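Chain nomenclature is as follows: A, B, C, D and E, assigned in order of appearance, with residue numbering initiated at 1 for each chain independently.
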Amino acid sequence: MTKRVREILSWYDSENAGVRSNLARMMNHGKLAGTGKFVILPVDQGFEHGPARSFAINPPAYDPRYHFQLALDAGCNAYAAPLGFIEAGAAEYAGEIPLILKLNNHAVLHDEKDPVSAVTGGVKDALKLGCAAVGFTIYPGSAGEKTMYQELREIGAEAKAHGLAVVVWSYPRGSSLSKQGETALDVVAYAAQIAAQLGANIIKVKPPTSAIEQPEAKKAYDAAKVQLEPLSARVKHIIQAAFDGRRIVIFSGGPRESDEQLISDVREIHAGGGFGSIIGRNSFQRPKEQALKLLNTVMDIYKG
Amino acid sequence: MTKRVREILSWYDSENAGVRSNLARMMNHGKLAGTGKFVILPVDQGFEHGPARSFAINPPAYDPRYHFQLALDAGCNAYAAPLGFIEAGAAEYAGEIPLILKLNNHAVLHDEKDPVSAVTGGVKDALKLGCAAVGFTIYPGSAGEKTMYQELREIGAEAKAHGLAVVVWSYPRGSSLSKQGETALDVVAYAAQIAAQLGANIIKVKPPTSAIEQPEAKKAYDAAKVQLEPLSARVKHIIQAAFDGRRIVIFSGGPRESDEQLISDVREIHAGGGFGSIIGRNSFQRPKEQALKLLNTVMDIYKG
Amino acid sequence: MTKRVREILSWYDSENAGVRSNLARMMNHGKLAGTGKFVILPVDQGFEHGPARSFAINPPAYDPRYHFQLALDAGCNAYAAPLGFIEAGAAEYAGEIPLILKLNNHAVLHDEKDPVSAVTGGVKDALKLGCAAVGFTIYPGSAGEKTMYQELREIGAEAKAHGLAVVVWSYPRGSSLSKQGETALDVVAYAAQIAAQLGANIIKVKPPTSAIEQPEAKKAYDAAKVQLEPLSARVKHIIQAAFDGRRIVIFSGGPRESDEQLISDVREIHAGGGFGSIIGRNSFQRPKEQALKLLNTVMDIYKG
Amino acid sequence: MTKRVREILSWYDSENAGVRSNLARMMNHGKLAGTGKFVILPVDQGFEHGPARSFAINPPAYDPRYHFQLALDAGCNAYAAPLGFIEAGAAEYAGEIPLILKLNNHAVLHDEKDPVSAVTGGVKDALKLGCAAVGFTIYPGSAGEKTMYQELREIGAEAKAHGLAVVVWSYPRGSSLSKQGETALDVVAYAAQIAAQLGANIIKVKPPTSAIEQPEAKKAYDAAKVQLEPLSARVKHIIQAAFDGRRIVIFSGGPRESDEQLISDVREIHAGGGFGSIIGRNSFQRPKEQALKLLNTVMDIYKG
Amino acid sequence: MTKRVREILSWYDSENAGVRSNLARMMNHGKLAGTGKFVILPVDQGFEHGPARSFAINPPAYDPRYHFQLALDAGCNAYAAPLGFIEAGAAEYAGEIPLILKLNNHAVLHDEKDPVSAVTGGVKDALKLGCAAVGFTIYPGSAGEKTMYQELREIGAEAKAHGLAVVVWSYPRGSSLSKQGETALDVVAYAAQIAAQLGANIIKVKPPTSAIEQPEAKKAYDAAKVQLEPLSARVKHIIQAAFDGRRIVIFSGGPRESDEQLISDVREIHAGGGFGSIIGRNSFQRPKEQALKLLNTVMDIYKG
């Protein structure tokens, strides 16, 4: 157990030893073991965007076992997916890699401005499947946020009582936000704060742009001269917004983009004190060899 | 126990022995026993479309026992129906054919664009009636999908904990989908994926057309050059979308149509690697002798 | 126990002996004992329509005991009412006549196109009050049908587990139905089918008119040349729609009308194979002597 | 489904369809399928007598999978064993042979005149493991019989509510019985009656001797001139004692003995109307080939 | 994941992925990681024998953290202790070493011939403390064995449902056994069998002597010519008695003895196919450096 991992665990001293053990399990697995940094493979796109949009570009990825093996071979800290994908490999890969059971999901077949994910799994499932954590998405800004916050609050409490860590995907959405606003600095910072306030152990947000969505927030940013550039400065602000660095915040890679851009973003996230990346589409939407190479590069950056 | 049945069971290694036993019971019953292929008789039209639309054309079918006997005589793997129909024959036919209790149903007396089925039976009913599985319908794309997904998630977990297999009817519907979109390739593939992610052991979808409903999906299909013709190619894609062939996917026969068309479709489903058919209206909406002949032809195709 | 009663009980062979005993209790009580025919006195109009509309025309009927005595004196098979009315006489009339506790009710103080009845009693009440059955109303076609079907499913399962029979009032209503459609042949047949599929032991519907509400159903009726006249033909169709005659279906008398009409209807119901009548307003909205005379005439018809 | 199996199932018409289905599953499996006769392989001796006394004579029998395969190869109707043995093969043999989970067990490390078995499994285990029935031992005559009867009553009710059949091993024991009395005709008949009264679906007793243990019973036997010889007459009496032949009663083989004696006993059991044998030690305490030969001979006798 | 660990996990294919993951966690931790062999540090002597008898000889061992660190430094697979000891270090050592929460304990302040341990912790405690398994002691042969078997059966089912592995200490005791009998070959084999039949994932017994306690067992051993010498032959017999080698059986070190004797025993256990040792008093009742040296020697033997 490295000093850094112990330090991070010390921030979670209101959590029971089970939750802390599972946080440690993730921090001590894979190529980043002991660094306190994370690279997690998430594969919920099959549910969130549909199978062909997710996997047609790299057909072996239709097979649920592909992702367990990819996460394992790449040396990720954990693999996150919905119930069906985890069930399809948990027995075969028992004990090989920390698992995060994604407990709610949302599909794009129904048009809506204020989305609410459906609860598609439970804490008992996570325990039976040998998971280290549960994952839950909230859409701060959605008209249905009360539903999601309350579901998270109940599931989170149950998960922690059973020793599981809680990972929250906090993605601003909703009829009151502009499209640009979903990744605006103030909004992402707000989303990170909400997740932290809801008791998240690990928080996943998107890398913020330098836009500011809310006029009242703009005043505050201006007054305090919060630095908006470069990305590393914004990452630093997000980390600050999540309890001054005392909560693990990781950043999603977003849609497939050029490797240069992704790697440059990772450097900025690292420079800004981010705890890591959760890289889905940029991992499994390319041949495995290329994915392993990219993930290796990313991990090397986080190793510092 | 044939090698093929063992192979299929191996995909379900996160399920308990009870669930696996009931999957095996269905795979080892009737004329297709041991092949890993399925022909299931479903009779929920009385509830879904009304009795006269369902049975007036073949009046003996008003009698619930007719369908037990038809499924038995035809050598189907299982018979699926709502609570009332199963109750009306389960004692008399105890132990004669695997039963699937359909746990939710929807009637057409109320016009709605975003349907949600009502839960009309429970896991305890299924156990008391000696069923091998429970059935549940979801309408991906309906504004009420959250409700249905969560009901399925709870009922599915309870069913599996009691050793029952879970069969999911996944039928896209809803105000965001065009009529054509309900059977479009991308939408049916998505519906199969969602059912699999929700933990379905057996997935029932409609045979897809070559239409593509979602613009984002179209890009993916074009980029990956997914083959759209003939039907067997589309069936192959659906099977791929359901965990790369590691979940049992069967196809519904749809409304009564010419035997030539139905048989041609079955040949395509078989050629595309489909696991079988669930044939309701084309079975019970004709004299029994003709139904037996048709089902026999269908089973011969699946026997290969 | 007559051969006919035994035959009817044989249709309920998936029910436990308790449910069958209570069905037998009703079939073996009163003037129609042993015939398998039913005349039931229901008095829920006080709740459903208000007291004055129900009882002012025959003031002794304000007294709950009046109805127990009327049902007893007339030789009805059972008396059905909401919690308050049953509580007000159950002790005094303990063991004198089979009781049906109506478990949900609806009042007309609130205008709505898609009604949902309120659950006003429970299975434990029915047991404590010595009832033979519980009664439950569904409104097929109401936008709230999911709620009612699920309540019935839960209450019905609980009632049967405690040996009580389940009587379902199935009355089509809702914003998608025309007023005429509520008693159209196809809609009433559909309502009977839905009640049977939901596990009803006894089904109560209104006598159907020869109207056909749903275009799709009309095609089926035309194709199958279902006979629409006289009423007896329509009754026969309803009986067929309720599991081909294997469920007890009784018909309501509807609003107060001329005795000639009512008696003529009863003759048709009997001729069509109906299992009996449930006669409320035509019984208690007239002086008792007249009511006894009318009910006697009705019972004589069912005695055949 | 043969006429005989239907006849036997008709005796259990107070049980739900699930229990009847599972009785049918056992009656329709193996070489005696359809005859209404049973040969069951029970292997609880590892717990009851210790492993070496049970298996050292035929070491392959230490492996739990040996017994699944033996029961399957021999064409037994079912295989019965405690939790550990069933868990060790249920997944691998899912769906291959009806299983009976023995829910209580007793070891001989503690000397006692009034034994009480410990509850070592539950109904939920049986469902998860895909069993058709649960088994339970009672020791009528033991000072602890109240405990066992009450445990059976609770477990039996739970099992039946979940559709599982209940098999009762009824072995008289206790400080008030002589050693000879444990197999005396009156005592075994009494044990069969108690099991039947406790709701057993299948009753297992030892073949009775012609001894009569209880003086009061002796008077009754003398007065009624109950025939004591040969064994077939005693078997007939036991069958009569278990509800005049309306409950399935099977007989244990007892300790390893000469094949001639065992086969002669089976002929007598068959001649007396016994429903079959449960043969443990005489099956697995010899090389498999010899066991298969013996079991085949026994089954041929029951085939008649 | 080594081939050997996968092979061992395959024996537990009726367990859920959670249980298998936790078995894997223990097999993949410490110096024996990947070998399928175990050296576990158990420290329940404080409760079982009193603190001074346990720790006065090596006072640092009074501190609960001493044992976490010892297990960690020595590279044990796991550390097992009662609630208080685990609570006193679980937060500080979160995620550092697999923990086994010992759920029942027994003290020597009360003299009794038929001991029954008290349940001192629960499954929820184990989850909150981040444990990989629960531990439970049974005393086969004790007059109170029914109590302990039933407690284990309930706790074991709950533990497994929550993904925890179950470790059973099976120590024969009781008024019917001689002192020598507690470690007699037949009795230890019987104890191992009982634990396996009760569903234990890992079984802990004492190394057996060549004594045979039960006359009936002696006949079986003589007849089968079971080899009694050397210790490795007896270990082999115990392994056979625990489902023919398909359950993990580890051996306790017993009271403090000469290192030569202990090491010689370990060699025999290893030669006989034993899965490892659980070494308490010989570890913590000596200075830490000496303990580490001894444990290292033991692990080297198991590494083979």
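Quick notes on this one:
One rule holds for everything that comes next: a residue touches a chain if its C-beta (ideal position, glycine included) is under 8 Å from a C-beta of that chain, and two chains touch if they have at least 3 such contacts.
Since we're looking at a predicted model, the values are computed, not measured.
Taking the mean of all protein C-alpha atoms as the reference point, the chain centroid lying nearest to it belongs to B.
The most distant chain from chain E is C, comparing centres defined as mean Cα coordinates. Averaged Cα coordinates give chain C a centre that lies 67 Å from the centre of chain E. Separation between the centroids of chain B and chain E, computed from CA atoms only, is 49 Å. Centres computed as Cα averages put chain A at a distance of 40 Å from chain E.
Multi-chain contact residues of chain C, defined as those touching 2 or more other chains: 13-14.
Taken as a contact graph, with one node per protein chain and an edge wherever two chains touch, the assembly fits none of the named shapes, being neither a line, a ring, a star nor a complete graph. Against chain D, in their complex, chain B makes its touches with residues 1, 9, 13, 16-25, 27-28, 90-91, 94-96, 124, 127-131, 161-163. The residues of chain B lying in touch with chain E in their complex are 13-14, 16-17.
On chain A, the positions that touch chain B within their shared complex are 46-47, 49-53, 56-57, 59-60, 62-64, 82-85, 87-88, 90-92, 105, 107-112, 116-122, 124-125, 129. Taken in their complex, chain C has these residues touching chain B: 11, 13-15, 114, 140-143, 145-146, 149-150, 153-154, 157, 172, 174-177, 186-187, 189-190, 192-194, 196-200, 214, 216-217, 219-221, 223-224, 226, 237, 240-241, 243-244, 246-247.
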